[in-house]
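Below are two complexes that have chain A in common, paired first with chain B and then with chain C.
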Partner chain A sequence: MMEPDQPVDPILSVDRVTRRFGGVIAVNSVSFGIAPGTVTGLIGPNGSGKSTLFRLISGEIPTNTGEIRLRGTAITHKPASVINRLGLSRTFQLSRLYPQMTAIENLVAVTRAPAREASARANDSLAFVGLSPVADEFAANLSYGQQKLLEFARVLMNDPDVILLDEPFAGVNPVMEERLCTHIHALRERGKTFLITDHEIKLIMALCSRLIVLDHGELLADGDPAVIRADPRVIDAYFGT
Partner chain B sequence: MVTLVQVVVSGLLLGGVYALLAGGLTLIFGVMRVINLAHGEFLMLGAYASFFLFVRLGLNPILSLLISMPLMFGVGWIAQRLLISRVVRAPLLTSLLLTYGVSLALTGGAQATFTNDFRSVPFLSGALNIGEVAFSVPRLVACVTALVLTGAAQFFLARTRWGKALRATAQSADVALACGIDIDRARMIAFGIATALAGAAGTLTSFLYTVYPEMGKTFMLKAFAVIVLGGMGSFPGAFLGALVLGVIESTASYVTTTQIAEAVIYITLLAMLLLRPQGFFGLKEA
Partner chain C sequence: MNSRATGTRGVRIYTGVIGAVTMAIALVPVFGSNYTKTFVMQALMSCALAASWNLISGFTGYVSFGHSAFFGIGAYATGIAIVRGGMPAPIAIVVAGLAAASAGLLFGYPALRLRGPYFAVGMLGVAEAIRVGVTVAEPLTGGGKGLVLIPEDVLTVAYYAMFAVATATVLVTYRVATLPVGLRLLAIREDEVAAELNGIQTTRLKIGAFAVSALFAGLAGGIYAWQMSYIDPGTVFAGSLTVRAIAMTMLGGQGTVFGPVLGSVLLSGISEALWAKFPFLHTALSGVLIIAIVLFLPGGITQILQDRGWIPRSRRL
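== the complex of A and B ==
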């Protein structure tokens, strides 16, 4: 674990990133850095630009201006598959599994490991999230919570350093929520870095050591959850005046 | 009763070859959402490859698959890399126009190179009698070979890492990309395999039918009928659809005439589109 006051090079840095869709500025000159081995929350009201920022970081859409770096390497205009290979994986707001594949096939399909190792790794990942009993079940037949866990297991398949979780708790029952939180803590202990966006503010506050708040595509606040919670600008952004 | 069994057996034997051709077509559609109108011409190239290997070198057509399939895989890989990749994200009409252009170019090229003469590969003849049912030896060999190749393709898709990556790309290219799958390579592999399967179907048809530059179009229409029956993008569906189509064609030919049998195929196609547009195995559009 790192010393709290020792400055560390960010594993992920976002530097003055802007993305426009026609005349709408979805993300406007947003900058922040994420330290390795931390869990950071990215919050903001609907339409604040969280999902767009996730898509920019993971390479699904290109930035208009600004730069994104992963471990110091510019990934700004790299394809999503290359960014994934460099060590950044993500989940989606609505589970996007391969419904006509079994749970284990969903994992094996995305790994770059040799066949024998791929199966072993997939079994380990399923065991880690407690889905071994449904390994041979089609993804479409799993409960919503199980699908979320399976998607979580899928991001682990290529052993990424940075994991982006897009609304992991949406539509998930409290038991699954707790299980997910346990997995996130366990992985953070292993040195994984998380950037999580969700509307479950209580959970995010409890889970994250730092919060970044977006509003109308701009960075509104960045800091300790306790400080953010009391920030009148954040309260105003969420509840209006 | 024996006659009916004979007709069904003939249809199933024919269906095996259709499955090989349609399997490739449906694989391309599944992975790329591209309807490859040049697929029949790849069959034609495979047929000519086997014809010349047989005539010039005396090579057994089944053994010639060892040469023609890797060659056709390479043709497909290059076609995907140089041409199809440019229209994968374009509207469907763009890829239809491009592949139709490729189809015309290949047919024209074959006419200029090989002339319009009808050729044949005099390989195998006769029938194998089991009880009172006669199995045409060429059709039996073609069907067994087609089943082996279709099974191998299905094994590749179901069991190998790249096969799973292809299926992942077929189900959601965006997610596959975000999960680190090199979807460009997956598409080249898919197109290469599909072209190799079409070439193999060409080899098998070369000793069942005549070989000529426009032969691809006839088989292409049947391949479309097969994948509509089976469900666009479904490999197992294409297999079942091919067997059903083979039996329908064979039965209609027996009951009526070969010409009317062609019409029956397309009436079946229309009925399927009206009653169950997603086919046997295709997913219903949301």
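== the complex of A and C ==
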């Protein structure tokens, strides 16, 4: 596994990316690289541009300027489905499952494998996150925590290299939190790369080997969690104390 | 609500009824009168139209108000191929299906970039534009006066041809529904942005489903033209064809396999009964019936049966 502060040959690189919405600059010339096999936190106050950056990286919205690369391949203006197929997948701040489909159908739907293999893989993913008992339940009927886990399982279906988790711990009880952390660690051990945004700072500090801090759409700080915690600019902008 | 499979007995009854109805339909030309044959053939045509509409609109949620365009294209392609091209009817009908599918690809590519009411109204505009185009192109289509085909007594053959098209439409729907591609289409209906972000190539899927949907509507239109020996723009591009297909699918259950079959059988039967009992009021009563379906049965009969546990929540039904 690479050292977190050595962005040599990053698996994901964001280079001077800017996104405007009318007169508002949501993301302003942000650059960073993510090393493979690492867990990186993307934090910042509300409105700092975290979710917009996730949307830009995953191809949901286009950048105005700048370039995003995945394993060296420019993905800046590629369709979201193509970016997913190249190995980058994401979850959402508010779960975006297919509510009128069962848990297993939610997984099979996104799999590119043939039908039988898709079903087997979906069952494996459900077992991995401990949702096998609710495989045939409609997604709409699952608890919030189960929905978060199901979305996490869905992300894994096509075996992505880079996984973006948008507020995975929001509204999740401690048991589910711990379960999610365990899964993230297990997957990182298998070489997966994570970029996580969340407001649960203690969890993020414990989980991530590196933190990137955004404020007003700009990169404020980037480094080791212990260093970031002591950075006066971050304390002023984010922690407020 | 427990969504687990229940009602195995219900499935047996449900599939038994479908099997019995299919057998009865197959035997109508042997034992039925010409009136019965014509009525059942109309119901089969409605079934093909409803099931083909369901393939795109029921599964993806892209409600098309222009489905009659493909029926009309199929009817006119058949008419022109027979009258102007001297083609044998069976080949002309296949050509008509392919012409409608091509039109589906052509119009689907721009139209399916629209969503919700914009797509619905856009397709209404497409159907109307084609109707006007066919009316204006008089040297080829006969214009507003219509196109007279070579009259032939083909009721029985046309009946079985329509039966085959309706069955094929339902079988393709069954195949789609039971493969991951069906779930991908449903994912588009549930949350298209999430589907795209999860790697589902939504544009390609929608256009593919639209073309297949148009193919079957075109084949039904072709058989209709052949059997009727006369077509005119007002009849084969009528918006009422689309409205009936929508109502039938809603009555049976959108995004299901047998919902459109159930809806077309019931609504065809009710419409015929209304026509027989109330010859001057049947159109208005049919309209009221469609409004009632939209208001009170948005999930259709299939959902009611599933909610009551009489049949399981299976994508195969």
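Remarks
One rule holds in what follows: the second predicted complex is superposed on the first by the 232 of 241 C-alpha atoms of A that agree within 3 Å, B and C clash if a C-alpha of one lies under 4 Å from a C-alpha of the other, contacts with A are read in each partner's own complex, and residues count from 1 in each chain.
Rule of thumb we're sticking to: a residue touches a chain if its C-beta (ideal position, glycine included) is under 8 Å from a C-beta of that chain, and two chains touch if they have at least 3 such contacts.
Worth saying up front: this structure is predicted, and the values here are computed from it rather than measured.
With chain A as the common reference, chain B cannot sit beside chain C without a clash. When the two structures are aligned on the shared chain, A:Pro79 is found in touch with chain B and with chain C. When the two structures are aligned on the shared chain, A:Asn158 is found in touch with chain B and with chain C. In the superposition on chain A, A:Asp136 contacts chain C only, with no contact to chain B.
When the two complexes are overlaid on their common chain A, residue A:Glu60 makes contact with chain B and with chain C alike.
Once chain A of one complex is fitted onto chain A of the other, the partner contacts of A:Thr102 are limited to chain C, with no touch recorded for chain B.
Residues 58-60, 79-81, 84-85, 89-90, 92, 96-101, 105, 108-112, 115, 118, 154, 158 of chain A contact both chain B in one complex and chain C in the other.
The residues of chain A lying in touch with chain B in their complex are 58-60, 79-81, 84-85, 89-90, 92, 96-101, 105-106, 108-112, 114-115, 118, 154-155, 157-158.
Listed in rising order, the residues of chain C touching chain A in the complex are 1, 3-5, 179-180, 183-184, 186-187, 190-191, 193-202, 315. For chain B in complex with chain A, the residues that touch the partner chain are 160-161, 164-165, 167-168, 171-172, 174-183, 283. Those residues of chain A that touch chain C in the complex are listed here as 58-60, 79-81, 84-85, 89-90, 92, 96-102, 105, 108-112, 115, 118, 136-138, 141, 154, 158.
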